Amino acid sequence: MQGIVISDVIIGILATGVRLLAPFLFASLGEMFCQRSGVFNLGVEGIMMMGAFVGFFVTLRLGNPYLGVVMAILAGIVLGLLMALISVTMQAPQGISGIGLHMFCWGLSGLLFRVYVGFITSIDGFKPLPIPGLADIPVLGPILFQHNWMVYLSILFVPISWFVLFKTNWGLKVRAVGVAPQAADTLGVNVNAVRYQCLMLGGALAGLAGAFLTVGQANMYADNITAGRGFIAVALVYFGRWNPVGILLGSLLFSMMNSLQLWIQVLGINFPYEFAVILPYVVTIAALAVAVKNVWAPTALGKPFRRESI
Amino acid sequence: MLKIHGISFEQKQDPGRCRITMESQEGLRIKDVKMQGIVKTFPGVLANDHVDIDVHAGEILALLGENGAGKTTLMKVLYGLYRPDSGEILINDEPVSISSPRDAIDLGIGMVHQHFMLVPSLTVTENVVLGLRSSRGPLLDLESAAKRIEELASRYSLAVDPYSPVWQLSIGEQQRVEIIKALYRGAELLIMDEPTAVLTPQEADELIRVMRGMADSGRAIILITHKLHEVMAVSDRVTVLRNGRLVDTVLTKDANEKLLAQMMVGRDIPQTLRTDETSQGDPVLVLDDVWADSDKGPPALRGLSLEVREGEILGIAGVSGNGQREMAEVIAGLRKISSGSVRLKGEDMTNSTPAKMIQAGLGYIPEDRIVDGIVQSFSVEENLILKDHHKPPFSHGIFLQKDAISEFAKEMVEIYDIRTPSIDTQASHLSGGNIQRLILARDISRNPACLLACYPSRGLDIAATEYVRKKLLDVRAAGCAIILISEELEEIFNLSDRVAVLYEGQIVKVADVDDVTLDEIGLLMAGAGLTETDDGNSRELVDMI
Amino acid sequence: MKKSNRLVQSLSQVALLAGALLLALLVGAILIAIAGANPLVAYKSMFLGPFSGKFGMTESLVKATPLLLVGLGVVTSFRSGILNIGGEGQMVMGAIAGAAVALAFPKWPAVILLPLTLIVSVLAGAVWGGFAGWLKAKLGVNEILSTVMLNSIALQLCLYLIRGPMIDPEEIAYGTGTPQTAQLPRQIWMARLVKGTRFHWGFFLAVALAFVVFIFLWRTTIGYRMRAAGEGPDAARAAGINVEKYQILAMAMAGGFAGLAGMVEVLGVHRRVLEGLSAGYGFSGIVVALFGRLHPIGAIPAAILFGMLTLGADMMQRAVAIPAAIVMAIQGLVVLFVVGSDIFVRHPEIWRRWFRKKDPDTLGRLEADSAGNRN
Amino acid sequence: MKRFTKGLTAVFVLVLLVGVCVGFGEASSKVRIALVLASTTDDMAWSQSMYDALLALQKQLGKDKMELVVSERLGNPVDAGAAIRQYADQGFDIVIAHGAQFQSVVFEVAEDFPKTSFAYGSAFKTAPNVFAYEPLAQQGAYLNGLLAGYMTKTGIVAVVGPVESGDAVKYNYGFEQGVRAANPKANFRIAYTGSFGDVVGAGELAKVHMDAGADFLTGSSQQAVGAVRACAERPGVYWLATDMDQSSLAPDKVLASQVYHWEKLVSHMLDLRAQGIIGGQHLYLSFADGTLEFRVSPKLADKIPADVMSKIEKAKQEIIDGTLVIELPKGTK
């Protein structure tokens, strides 16, 4: 452990944790809206993959990462629509249609990459954007204020989603259709339309999360780039009890665990690395098991809505 | 506060009513609404067959009919929840298209559903403004909405706290929220689907006063009901449906209960009554000082004690939401109690499992027969052995004995007159009455020592209702101890030996049926016996307890 | 319900599956065209490939074997109201545990060692699956999520074991360090049935088990209770059935089948535990169960069909040299279209609306009594 | 349900009957090579290095003399087994299964197709018609290690590993020895992502290494490209590549690469086949026969001090002479 100052390590762990936060936050907040409206979208992983590819591809071809992000969001919306078509209109079992969507997106992104790119190459993604003034604050600066703008955006999305969910008309509809779709329907709320909107929003955010991986984090694309992060994001929604603040805490816990295991390995603490790699998963399962249960879960989650079956 | 008027609904002098009448009548758009030639079919069921009805501003139209007569379906068509196969709707003689509740609301139609359409996790205000435009654009404006709700509430005597979450409200309060929801949307035609079913007589009384007031202020009201006295008390005209068809529409003042009953049923109503004397057997089921939590925290049962004896029916009266569900679940072994004891046939069964209770001789007719009573995708025969499948002759070792099961099933189908094409038919394809017969067959054929019957005739037509009541009396005659939970006081009075009143998780009174009146029970159901000590009448009751 | 009606219903279900498959392939054709190949040529090799000689035909069955085993577990769990997507991890756990036993007692005769390894693999898979079931039943942890996590954990655990404590001593001796165990004792290998192929008798074991599962679910009291717990949990609970217990049991059984699938793969195909053993069967098994309409007997043709489909897709990819990713995409499309078309089975009235056929008797809802659910 | 099952079975049998009537097979005079890859042809590492080499060989020989087909994404041995068997069945002369994990299936198929040559690696075990090949990855790793050890300013060098196994172990071990030989005081750090393909994870791991002070990084397998790209963002750090020249990913960062020249190995295999030897040999990639190359990025060559370069050249010569043997780990953890 020569040459390492403990305080630097702690700052390092926290800063890495914050950097790892963004894709989970984007995807989980999107998934939160889906689940709040009553749709379990397990296809997040797949949508992230497509978002990652589209973000990368547009940036590669047009040289503009912002455009890449926008196109990734659009791709996410289209895939969200596909999921909505299958699970809302066709009322398919949601867990399985999500797996189907994941497989389709995995295949499609791999195919498009091969056909239209064909080799691994890197792009100029977003650079860290230290916030003037704040970035120089000792300890807090490096942890919070020396990341790229998408990291800030992801954290900003927490209060924004909270506000949208609890303080707007639309958010009220979302909260209602996930608990009592029939009741919302009798008040003229178009239940399936709200679910479509949520799936599109969830898709957009998953696409954004994917784009972050390529444009904001790795600056390249490779097969299966999401490596299971989408599934973790879904788990974090449960962990966060469908609340943006809870999701922030869950994402923090998971990314901090991940950061911790990287640092444990880097610092050479003797410990089979496989156990380090599984640490975040174990902690997440444990956290799911002890999470507070008596909160209003979206009780209509996973149940397709059919008016005439009242 | 509450005054005792019995169920005669005489409303002579009421200041509230004057205030309502004084409300301006201008700006109301609906003069009359006609539904003509409405046909609505469901797979295998003709629910509405060329039905015509009409209702005018300022009147209360009672829509009368048995369960399954097509009343609710017709109203769901009017409210845009169902699309009719044919027929049209006219408002002020203009044809309108109502393809969703949104359209109905925009046209000034509101509906209070039999099963409340509330989002339990949201507050009253949030429930009310759901789906409405806000004065602040996309942002919620709950403060001013709450203010308007309070206004409406005081104008129509619909007291409710706009900020409490709906799941914390009593049934009566929830119904008020439903009405406020419709009024808030400017409903000029209000459809009320069996609104009094879950209320105490006194609350029903209050509600009818409110309805009258709304009609006087120029609104039209359609009241769905199968209770004749309500029709007589409140409506101006009455339309009777039977088997999906229109029987007739008459002016209430030209009708009487007997006439209406005949129109509704098409024959005279039989009446099942307990005839013999109260038997005095040993206590079979004893609950002593039972405390149990509700799903959402606060205790639902607060020191509940009761006992039911061999060969008697103990009727549980009470407004639903006072612990009926939790009490039933405790007895069935489905809910843990935090203190107290449960004894069945003298044995301590406190916090035992459903399996042990069944083993010890408990029969259970659950409140929600579709969800708790049967496995929907199972066949009739599979459902019939649900509780005894692991015993001979239905199984040998771990293997089910098909032949014995079929034989038993055929026997049950015959004895209990379960109308099903075959014993392989999926149980969910049966009608409500036949599902109830299936459940009765299963639980009664086991010769239970104690039978817990929760709302056994709810939602059934007259024939099925009679059948269920008759079966209960048969079982009683065989020496079974029966707990009958019902929302219909008449049913309790007709069948029970003793009646117990459940209020806020406690049995506040137990008495022989012959020693109490409907009014007294009604008052106790409203909690008057515990709280209203200023009032002379109530004090008497308190003293009686 | 009339008998002919039932036949029409079953035939229409098959037609529906065929239709969904066709649509998926139609969209797949677009992808193939994007990849620069002729879809017709590609599909020709995809459909004829599995029939090209003994290789193609047996290889489909080799793939069908673990698919069927995992699928049987999924059928059991699904019928009990719980979805097992942890097949991947359970397969790996079953394989590694079974292999550990086999490697520990290499000298034991096959009559003892073979059943022992199979049983151990079933138990290991059952523990891994049952744990997710326990988390769900006792602590309310969503099983889809816990099994996804458990998959990752099992994978790393297995990697640790086969590169560490259980690595083939030869790999260490030569310093190549490939993460794999030594070959299991020869006496317990599952015999190959067709020379020059890897078709082994595990397939028949799986088919036999399908019938066992059928009998178990529909002819025994435990199976009866599991189905009741899945299809009407509230009614089952009220009838004295311990729903949570049977859900845990269902997940344990699902895990047991997946664990067995892993061991059968090891004994029949690889003869050792190595990386990538689960090969996505844990997920494809769900599709097979769905394809077989959640019926153990239906899962048999479904597994074979899906085995042929994946093999054919692989062969197509090689024949016309298109990126392998396309296979995954087409599989995903098949899943999406199959689950999407399922609405026509659950709500047959939609058909009627489409064909403007007003025959109120087809669904079989009864008018015997006018009460209840229509009001 | 039963009828449904019957229906499905009937459809299946029908399709089966149609199918049996068809078969295929052809023969050709040119050399036909089939390649089976666990990853993709564009992974910028192990798989691509072989694929590119075969393409180069094909260009050299001419398309009429050599046919090349490739099957990728066969990470699991099940699908790989099907592919290998199918290629053998179709009469390919050489089937290269590019991964140690394919050992079992290769041996199994090889038994059934005694006339076909199989090759796989990195591995040691051979059969009469099976070549095992193995890059002596530790040799280039040692040179990379020397370079890092001599040039590191922070005294910290780091490895971004995939999974601790096979080639990665040899490479990392050789690298560590190089570092220690050059700079006994250097702080050598090693960490694994637990995945061969998680480029994002590798990138993050590399960032953590750099945050913790490392200025020379290396790593193997396709996940490493994520780490290369992560290095490109930081000033003052260098990446040392293996498997192939990765400088296209970060031209200013990839200081040197150990390059595998598979084409030489495969053409050697072709020569052996011409002599009637269709397997049974253990082939190496090594500096001795030029199948391994230590390539310094021309763009960055001036960054390496001359004395360091000469020490590396000297070590390379010693390796070729056999005077310097890079030890391998005796047993994994």
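Letters A, B, C and D mark the chains as written, and numbering starts fresh at 1 in each.
As a working rule, a contact is a pair of C-beta atoms (placed from the backbone, for glycine too) under 8 Å apart; a residue touches a chain by one contact, two chains touch by 3 or more.
All values reported here derive from a predicted model rather than from experimental measurement.
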| item | value |
| --- | --- |
| Chain pair with more C-beta contacts, C-D versus A-D | C-D |
| Between chain D and chain C, distance of the C-alpha-averaged centres to the nearest whole Å | 33 |
| Between chain C and chain A, distance of the C-alpha-averaged centres to the nearest whole Å | 29 |
| Centroid distance [mean C-alpha coordinates] between chain C and chain B, Å | 46 |
| Multi-chain contact sites of chain A, meaning residues that touch two or more partners | 110, 113-114, 223, 272, 274, 277 |
| Overlap residues in chain B, where contacts from two or more other chains coincide | 42 |
| Numbers and ranges of chain C residues touching at least 2 other chains | 156, 159, 164, 323-325 |
| Pairs of chains satisfying the touch condition | A-B, A-C, A-D, B-C, C-D |
| Of chain D, residues touching chain C in the complex | 1-5, 7-9, 11-12, 15-16, 18-20, 22-24, 38, 40, 69-79, 81-83, 85-87, 89, 100-101, 103-105, 108, 112, 122-125, 134, 163-166, 169-170, 194, 328-333 |
| In the complex, chain C residues that touch chain A | 31, 34-36, 83, 85, 135, 139-142, 144-146, 148-150, 152-153, 156-157, 159-160, 164, 283, 286-287, 290, 323-336, 339-343, 346-347 |
| Chain B partner contacts - residues on chain A that touch it in the complex | 167-173, 175-176, 179-180, 182-190, 294, 296, 307-308, 310 |
| Chain C residues touching chain B - in the complex, by the definition given at the top | 1, 219-222, 224-225, 227-228, 231-232, 234-242, 349, 352, 358, 360-375 |
| Chain B - residues contacting chain A, complex | 42, 76, 79, 81-82, 100-102, 104-106, 111, 113, 116-122, 126-127, 129-134, 138-140, 181, 185, 296-297 |
